[in-house]
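What follows is one structure encoded as structure tokens, with my remarks underneath.
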Amino acid sequence: MGSGATGPVGRVWQLRAGVRAYGLIVMMWIRSTMTYRASFAMTTFGNFAATAFDFVTILLMFAHTEALGGYSLPEIALLYGLAGTAFGLTDLLLGSVDRLGRRVRDGTLDTLLVRPVPVLAQVAADRFALRRLGRVFQGLLVLGYALVVLDVDWSPLKVLMLPLAVVSGAAIFAAVFVTGAAFQFVAQDAAEVQNGFTYGGSTLLQYPPTIFAKELVRGVTFVVPLAFVNWLPALYVLGREAPAGLPGWLAFLPPVVAVGCVGLAGLAWRVGLRSYRSTGS
Amino acid sequence: MAVAVEVTGADSTGAGPGPGFIEVDAVEKVFSVRRRGASRLRREKHEVRAVDGISFRVARGEMVGYIGPNGAGKSTTIKMLTGILTPSGGRLRVAGIDPARERTRLSYRIGVVFGQRTTLWWDLPLRDSYRLVHRMYRIPDARYRENLARCVELLDLGELLDVPVRQLSLGQRMRGDIAAALLHDPDVLYLDEPTIGLDVVSKAEVREFLRDLNAERGTTVLLTTHDLTDIEQLCKRVMVIDHGRLMYDGELAGLHEVGRSERTLVVDLERAAAPIELEGVRVVKVEGPRQWLAFPASRSAAPIVTAVAAAYPLVDLSVREPDIEAVIAKMYAGRS
Amino acid sequence: MRLYMAVAVGGFRRYATYRVATAAGVFANTVFGFIMAYTYIALWDERPRLGGYDQAEALTFVWLGQALLMTCAMMGGGFGEELVDRIRTGDVAIDLYRPVDLQLWWLAGDLGRAAFHLIGRGIAPMVLGGLVFELVLPADPLTWVAFLVSVALGVVVSFAVRYLLALSAFWLLDGTGVLQISMLTGLFFSGMLLPLTLFPGALGEVARALPWSSLLQIPADVFLGKHTGWGLIRAYAFQAGWAVLLLGAGRALQTVATRRVVVQGG
């Protein structure tokens, strides 16, 4: 059987080949962008500013109030910083997978299918743009601000919670991105549905869960588990109760949820790709 | 009238001379599409047989033209042969590999050029695109250098290697794309409309290169095209597909026969004259001293020219080959 | 005139063919509408009558924003990317030799697009928002008409800004950076993220004087009945003034750009 076949050995091979190809293509994109330096500088700044405007909006709100949904500005900054950093990382690493539908439509997906590297790696690396670091920086900056001004009773577990939340959160967002892309194999024009979940999700998480309807909070815990990105871990760090009457131990689950989501997303991708290869649409 | 499908190459068991390097047995591809039905809201499911039971063999080192009208099933076939699409039925093998099941393994053995979709990097020098192929296909360094040097020489890419692709002309880009598809030494090369949109000189260059490639390296080539000259100059064998079925498989000359197509002799006389009367020749058009004479493509032009020259004051003449669309159109007309 | 009419109809049709994309867009608009509506409720719970709006008016503002997001192209988009692409590839040289006015051509197409987006992407989120939240709808049909006029003016201002920015690709070769900046300013200074009446001090005054306020803030205020009588005329004059000024600037820049068309790879 060929090296691209299924089975555990095949999977590991595919993963390694995928990461390697991803790196190769990413380097090509970086060099491509460097041919337009003025634009690169501007877009990096733009990316930083784009997300900064989100936070400026929150600051403007706090110009009129002391608290939002019972949360102070530093507390919201913690939520914002964790979600922003996690989302920024995902956006940086595979932010262009939402262009899959376009590739299906214009037929360029076919050119990826005749190469000896996994299609997902090629799609994930597509249009890789270092300017998206702007978003990550912005998230980290707000996170830093929150950690400086917040009065938290730190414990080792709480400290550990932060990097864990960022990494798990990025993985959960990645799963949402890939699932959305897989959906576009079926509905090529549905990129906006994905935006609703990704950009919409990251906006949602910038605010405390107390301001949203209970059903909505439950929905983003159990259906699309975005609550594990920052709400549950951050609320634990802040010493607050879990939202919407959920049990407190959920705060420790983000890594588990992330692994589960990534697995499901991988499955969705395979189903999507298989359906494309059988329908060609 | 039914058209006999002549099976070239090995018989269906795969044995015999020139074992099928590409083997296609009763392959089908059925799509189900939703179409708006009688009422605007309800969409009816519709079955489209894009490829409807095609069988053929291509021997190693053959160069085959694959032609047919748009939507005939050409690109669907190519997509199945390259592993992009999974067939709905039948059996496919390319170099002994089942394309759908072992797409990755197959990709090392095949090169694909999609005429209108470049795989080169728009903003980067041509050389960079080749480096990516080098790494992606894990081509040994020495091999890569050798192949690149050969492509650069034969495709005349030397001056272009350091030019950003966006500054290349269409013809230069096509040559660049062909080179990119060959750096990993594929055994089979699929070309989808390799000369589309190119000027006459570029077309000639591309054809010459493909001929050399086939002759020297023994690369098997399957090409789809709208340009009959591509086929005439490159392929001994041609397959015609329409409505998902193989209508013809054989020599190009035979295709003319089947299509009962005609060549045209254009003669310029010294002065305007009555339509020339000659057995087996039909005057299609008269325009002053110029006349267009149609005769079966299978016949030699020489005796006709001699006969005309003997009876009329001849100034100049030229012979026009039938174009591919006309050939196929005639073929269908004869069939129904 | 007939030609530009045809171009506008073409612009409308072009977007109308993508049904799935439209439905997907409505979904995204609705998701964002919900999120923003909840944040506004939290804010107005703390500060009723903030920025001169009561809670129902604030929620109406949110959903108007979602309804007009595409129509007034607050995030850029529409023709911008296409024009930048044509400039980048040099195809624009062909456009410049055609016997049509480049700016009017794109404007006509963009108006057609906006008309479709108002119907296809505007109505559904507004209705969905209205089902869940209490919104303020004008009782007087004339207010609806006044609102639509203001939206039309907003689309022209939006077009004029995007046209100017897209032309900068003549000098930058890659216009993505510019398009991105235009998306930002469009979102922030139109009032999409927060009504401009909530912007404090000088920032607020500047924001309300910039052209982007024509995209959402002014149409929304017309909808909510904040501009009537002479106030309405003043609002229109503000929008029309920016439209004329920016279209003129675009025309001037176009003339300069035409002189230095560089065809890539020619």
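Order of writing sets the labels: A, B and C. Residues in every chain begin at 1.
Everything below uses one rule, namely that a contact is a pair of C-beta atoms (placed from the backbone, for glycine too) under 8 Å apart; a residue touches a chain by one contact, two chains touch by 3 or more.
These figures come from a predicted structure and were not determined experimentally.
Q: Across the interfaces A-B and A-C, which one involves more C-beta pairs in contact?
A: Answer by contact count: A-C.
Q: Closest chain to the protein CA centroid?
A: Answer by centroid distance: A.
Q: From the C-alpha centre of chain B to that of chain C, how far is it in Å?
A: For chain B versus chain C, the centre distance works out to 49 Å.
Q: Using CA atom averages as chain centres, what separation in Å is found between chain A and chain B?
A: That pair's centroid distance is 45 Å.
Q: With chain centres defined as C-alpha means, what is the inter-centre distance between chain A and chain C in Å?
A: The answer is 28 Å.
Q: Return the residues of chain A touching two or more other chains; collapse runs of consecutive numbers into ranges.
A: If we look for residues of chain A contacting two or more partner chains, we find 36.
Q: Could you pull out which chain C residues touch chain A in their complex?
A: Where chain C meets chain A, its residues are 18-21, 24-25, 27-28, 30-32, 34-35, 38-39, 41-43, 46-47, 50, 172-178, 180-181, 183-184, 187-188, 193-194, 198-200.
Q: So in the complex, which bits of chain B are touching chain A?
A: 29, 31-33, 76, 79, 82-86, 88, 97, 100-105, 107-108, 110, 112, 114, 117, 119, 121-124, 128, 132, 135-137, 164
Q: Please give the residue numbers of chain A that touch chain B in the complex, ascending.
A: Checking each residue of chain A against chain B gives 1-5, 21, 24-25, 28, 31-32, 35-36, 106-108, 110-111, 113-117, 274, 277-281.
Q: Using the touch definition up top, name the residues of chain A that touch chain C in the complex.
A: Against chain C, the touching part of chain A is residues 36, 38-43, 46-47, 49-50, 53-54, 56-57, 60-61, 63-69, 187-193, 195-197, 199-200, 203-204, 207, 210-213, 216.
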